[in-house]
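The data blocks that follow each hold one structure.
Look at the two complexes coming up: chain A is in both, with chain B in one and chain C in the other.
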Partner chain A sequence: MGNSVIARRLGLLAVLALCVVLLALVPYLPSYYVRVVDSILIYIILAVGLNLVVGYAGLLDLGFIAFYAVGAYAYALLASGQFDIHLPFIVILFIGAAAGAIAGVLLGFPVLKLRGDYLAIVTLSFGEIIRIAINNADDLTNGPQGIAGLDRASLFGLPLTTPVHFYWLLLVLAIIVCGGVYYMERSILGKAWRALREDQDVVRGLGINTTTLKLLAFALSAAIGGAGGVIFGAFQRFVSPESFTFQESLLVVLIIIIGGVGNIVGVIAGAVVLVVLPEVLHFAAQYRLLIYGVVLVTVIVLRPGGLVSPRFNLGFIIRKVRTLWLSPSKT
Partner chain B sequence: MALALENVSKHFGSLVAIRNLSLSFDVGSIYSIIGPNGAGKSTVVNMIAGSYSVTSGTIRLGATALNQLPKHRIAQLGVSRTYQNLRLFDGMTVLENLEVCFFPQSWLTFLTGAKRLSKAERLEICHACLAEFHLSDVADVLAGDLPYGRQKILELARAFVTQAPIVLLDEPAAGLNHTETKDMAAMIAGLKREDRAIILVEHDMDMVMSISDRIDVLNYGELLCSGTPDLVRTNERVQEAYLGTTEELDDIRKLAQSRRAQGGLRANAGIVRH
Partner chain C sequence: MLDYFLQQLIFALAIGAIYGLIALGYTMVYGVMRLINFAHGEFFMLGPYVYTFIFSGLIGLGGLAPVLDSVIAIVASFVIVGLLGVAIERFAYRPLRAYGRLAPMLSALGMSIVLQSAVRVTVGPQPVHFPAIVPSTPIDALGGMVTTVQFGILVAAVLLMVGLTLFVNGTRLGIWIRAASESWTTSSLLGIRVNRAVSLVFFIGPGLGAMAGIMYASYYGIMQPTMGSVIGLKAFTAAILGGIGSIPGAMLGGFLLGAIETFGTAFLPILSFGYIGTEYRDVFAFAVLILVLLFKPAGLLGETVSEETTVAKKDY
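Then we have the complex of A and B:
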């Protein structure tokens, strides 16, 4: 074993240790920064979820935030004085995910015959319909005033109140979601999705029911969106329709496009960039959309595949680490 | 298992592409469907595979009527196909192109009723198939990066990997050079098996004549003639249909006759290409 191998292993260890230390240091940051990191993690969860549909199955869904709204309102209705129902957070987390999945299938059924632009337009409308419905269903949702005073969440007896608590929860959930989605990507299901993205007719000719395949993508992605929404509701302890505008759907899609379509590492990078950017440029808040536009155009012109190369994905990193550790002579 | 077309017609608006066609294909043989351009050959393939609906008539696989079923059900019942223009999953590796064919055997088997295959079993079958088609060395290469000839072979492999009893090959030799066409013909001939019917739509007459057990000749959507290669080769109506009877086709006829003298009857499209 040569010195260079040892050096590289040490380098690897150092990088890993640095990541762990950075993640462990977040709770000691001022509250504002913890909130920003929380926000990044939420958008990572959402974008990795939406990426199942957009990146893997190749279906452009512009109404994703509707599932997020379903989850958030699930928490608002089931853990507040609204109907005096107070279910535990963990139960609502699953209910929210299930409700999201059901909403995803309900959306999926009628629209899956559509492709490309048409699908995008219908899903965009779906997102708006959900928001407007929430806005108008006064008896159920309090309409535009929203629902305030949601229960303080707790998980297995641990309180979930401060941004730091949510940081740990979101971190764990983000890791679970990324790991799960990565597993799916590598499974034959992920391959079938990629094939679907390339040529839907041929996929049907292979004996694969493309409707089921697309519904699976919609349902899984919507379930992740729903779970994210529950956490959002518990975190804010207030929900109102204006949190779920088209702009939010757009942001999640932008994260994917700017980071790298179909690439988890890219999506994480995209979430960091697009969440941090408006914070850094707080003084120019009214130009937020303009800035997004400029960033998007710049990325598309300079790096059409997204900031992160499609080759630099989670699989690549894992392979690199594994070969360096197990058979370093190959590297 | 046999595939049968019973009085099948296909209309595209006012155009009658196939008129009252009845054909039967048994496992154990190689069949070729030939005919001039526009005769309806590809339409037949697309109807069997479920890409086109039939206007009237029935297509049966064994006792099952296929023409009421969605395309993916037809494939699950054992009809696989290749396409006139290559349609591989270019962004996926050669191995993955085969692996994805086993999706119905992996997820949601409770919905499809398919026999479940483990990942190891699936991979074993795919690797065996790659070896059979001499693609093992490129298993991890993206399908889109293969040279054209090997892409054609990969598409062939994809049609055979699931051991479908009915395999439809839509112009396997299209775009291949002379040597590659010969190799392709030998490969298809070698794939003939007792439990499999191979149905070929092809313009290359050398290939058709050399490997078919039966040739069905279509003209304007109707069956002109059906029989062994020797029978079809000598049939006057076939020659007429292929070469045309009007004066403007005389040149083509002469060219074809000189070709025949060289030892091979070629379809008009073949002449245009070579």
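Then we have the complex of A and C:
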């Protein structure tokens, strides 16, 4: 075992330790920064979920935020004075995910025979329909005023009230979601999705039911969106239709594209960039959106494949760590 | 009831004509580039702003006859917005051609943010009064009351649509556009300068969008930087409804959407005994779209996608 291997192992350990230390230091930041980090984590969860559909299966879903809305309103209706129902957070988390998945299947079942842009526009319409329905169903959702005063959440007796609490919850959930999606990506299912993205006729020719595959991608991503929505509801303790506009759907798609389609590391990078950028641009006052747009177009034109190269993905990092640890002679 | 119906019909035709004009821009761009141009709604918004700028500039310089001022301003806004469209294609979309279809779409989205906030920063976010180009006088059409503005919108839009149809079907440049929409590779092999066809499409589409914007602003007497977002989305829906890529389809889709919206708003509350109110207008439009696509997956006049088309094999 040469010195260089030890040096590299130490280097690797240092990088890992740095990541852990940085993540552990977040709670000690001022509340504003913790909120920004929370926001990044929520968008990571959403974008990793949507990436199942857009990045792996190659279906453009422009109405993803509808599932997020379903989750958020599940919490708002089941844990507030609206109908005086007060279910525990963890129960609603599962209800929200299930409701999201059901909404995904309900949308997916009739429309998945559509292809390409037609699918995109139908998902877009679905998202708008959900938002307008929420906006107008006054008896159920209070319409545009939204539902305020949602219950303070708690998990296994631990309170979930401050941004720091949610930071830990979101961090754990983000790791679970990324891990789960990574596992799926490497399974036979992930391979089938990628084949579907490349050429759906060949997939069908091989005797694989493409509709089931697409439905599965839709349902899983919608479940992740629903769970994200429940946390959003518990975090804000206020929901209104304004949070679920078409622009929000586009933002999640944007995160995926800016980071690198179908790449979890890319999605994380994209979420960081697109959440932090508007915050950084606060100094520019009314020029903020203008600069944001210019930066966006410039980044896309200069790096059309996304900020993170497709080679640099979760699998690559795990392989690197493993070979350096188990059989350093190979590296 | 009949005069009420006729009046609603004129409303539907006027708003439908505006949707149709915008939808043409979406569909033509989609035809040659397979790109959902999310920035298109902003060209619609820019139309009335550029018009007002030129028009007040002409007045400030002393002005010619008022009619002439208007005509010059209208033509100038078509040309200026059209050239802007060409420039945006050149710098924001063309470099991305080799990178699939998601990157240009997102670049279009970025351009939309840029254009909208540029207008907001220069003239302010508040709605601005838009002076009517023709004086709005009510006229009696078979018992229904319509205004000269609605009538003018309808006539102008139909003239533009007829003009575009003649241009695309009858001229050499029109043949380029149709060939490039049919097959990019084949037409370039046959010596058609596809890039010029694309530039042409990016001139005409935004130009027509600007015209629609001027019509819309004179209809409602108001313009604001955000006006392109919702209308753009609806016009895109109209383009899909008619079958994206098809020019007659976009016109049909526009008029249909106008009719669905207007009659939905007018008759739904009556038919459902007040249970479904006018606030569900947009739901109705989107629901009709989903229903149509379930039975005609390529839109009303769209070509059924053949198995050889790359679009069909690879969604995104």
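One rule holds for everything that comes next: the second predicted complex is superposed on the first by the 318 of 331 C-alpha atoms of A that agree within 3 Å, B and C clash if a C-alpha of one lies under 4 Å from a C-alpha of the other, contacts with A are read in each partner's own complex, and residues count from 1 in each chain.
As a convention for this text, contacts are C-beta pairs under 8 Å (C-beta built on N, C-alpha and C of every residue); 3 or more make two chains touch, one makes a residue touch a chain.
Every value quoted in this text rests on a predicted model; they were computed, and no experiment measured them.
**Q** Who contacts more of chain A, chain B or chain C?
**A** Counting contacted residues of chain A, the larger count belongs to C.
**Q** Of the two partner chains, chain B (first) and chain C (second), which one does A:199 touch, if any: first, second, both, or neither?
**A** A:199 sits against chain B and chain C alike.
**Q** In the overlay, answer first, second, both or neither for which of chain B and chain C A:161 touches.
**A** neither
**Q** With the two complexes superposed on chain A, say which partner A:309 touches: chain B (first), chain C (second), both, or neither.
**A** A:309 contacts neither chain B nor chain C.
**Q** Looking at the overlay, does A:82 come into contact with chain B only (first), chain C only (second), both, or neither?
**A** Neither partner.
**Q** By the touch definition at the top of the document, which applies to A:212: first (chain B), second (chain C), both, or neither?
**A** The first partner, chain B, only.
**Q** After superposition on the shared chain, which partner residues are touched by A:301: those of chain B (first), chain C (second), both, or neither?
**A** second
**Q** Where does A:129 make contact in the superposed view: on chain B (first), on chain C (second), on both, or on neither?
**A** Once the two structures are laid over each other on A, A:129 reaches chain C alone.
**Q** Which chain A residues are contacted by chain C in one complex and by chain B in the other?
**A** In chain A, residues 198-199, 201 are touched by chain B and also by chain C.
**Q** Which of the residues in chain A come into contact with chain C in the complex?
**A** 54, 58-60, 110-111, 113-122, 124-126, 128-129, 132-133, 135-136, 197-201, 246, 250, 253-254, 257-258, 261, 286-290, 292-294, 296-297, 300-301, 304-305
**Q** Residue numbers of chain B touching chain A in their complex, please.
**A** Per the stated touch rule, the residues are 49, 51, 70-73, 75-76, 80-81, 83, 87, 89-92, 96, 99-104, 106-108, 111-112, 119, 122, 158, 162.
**Q** For chain A, which residues are in contact with chain B within the complex?
**A** 188-189, 191-192, 194-195, 198-199, 201-210, 212
**Q** Per the contact definition, I'd like the list of chain C residues that touch chain A in the complex.
**A** Touch list, chain C to chain A: 30, 34, 36, 38, 91-92, 95-96, 98-99, 102-103, 106-107, 109-114, 116-118, 120-121, 233, 236-237, 240, 244, 277, 279-280, 282-283, 286-287, 289-290, 293-294, 297-299, 305, 307, 311-316.
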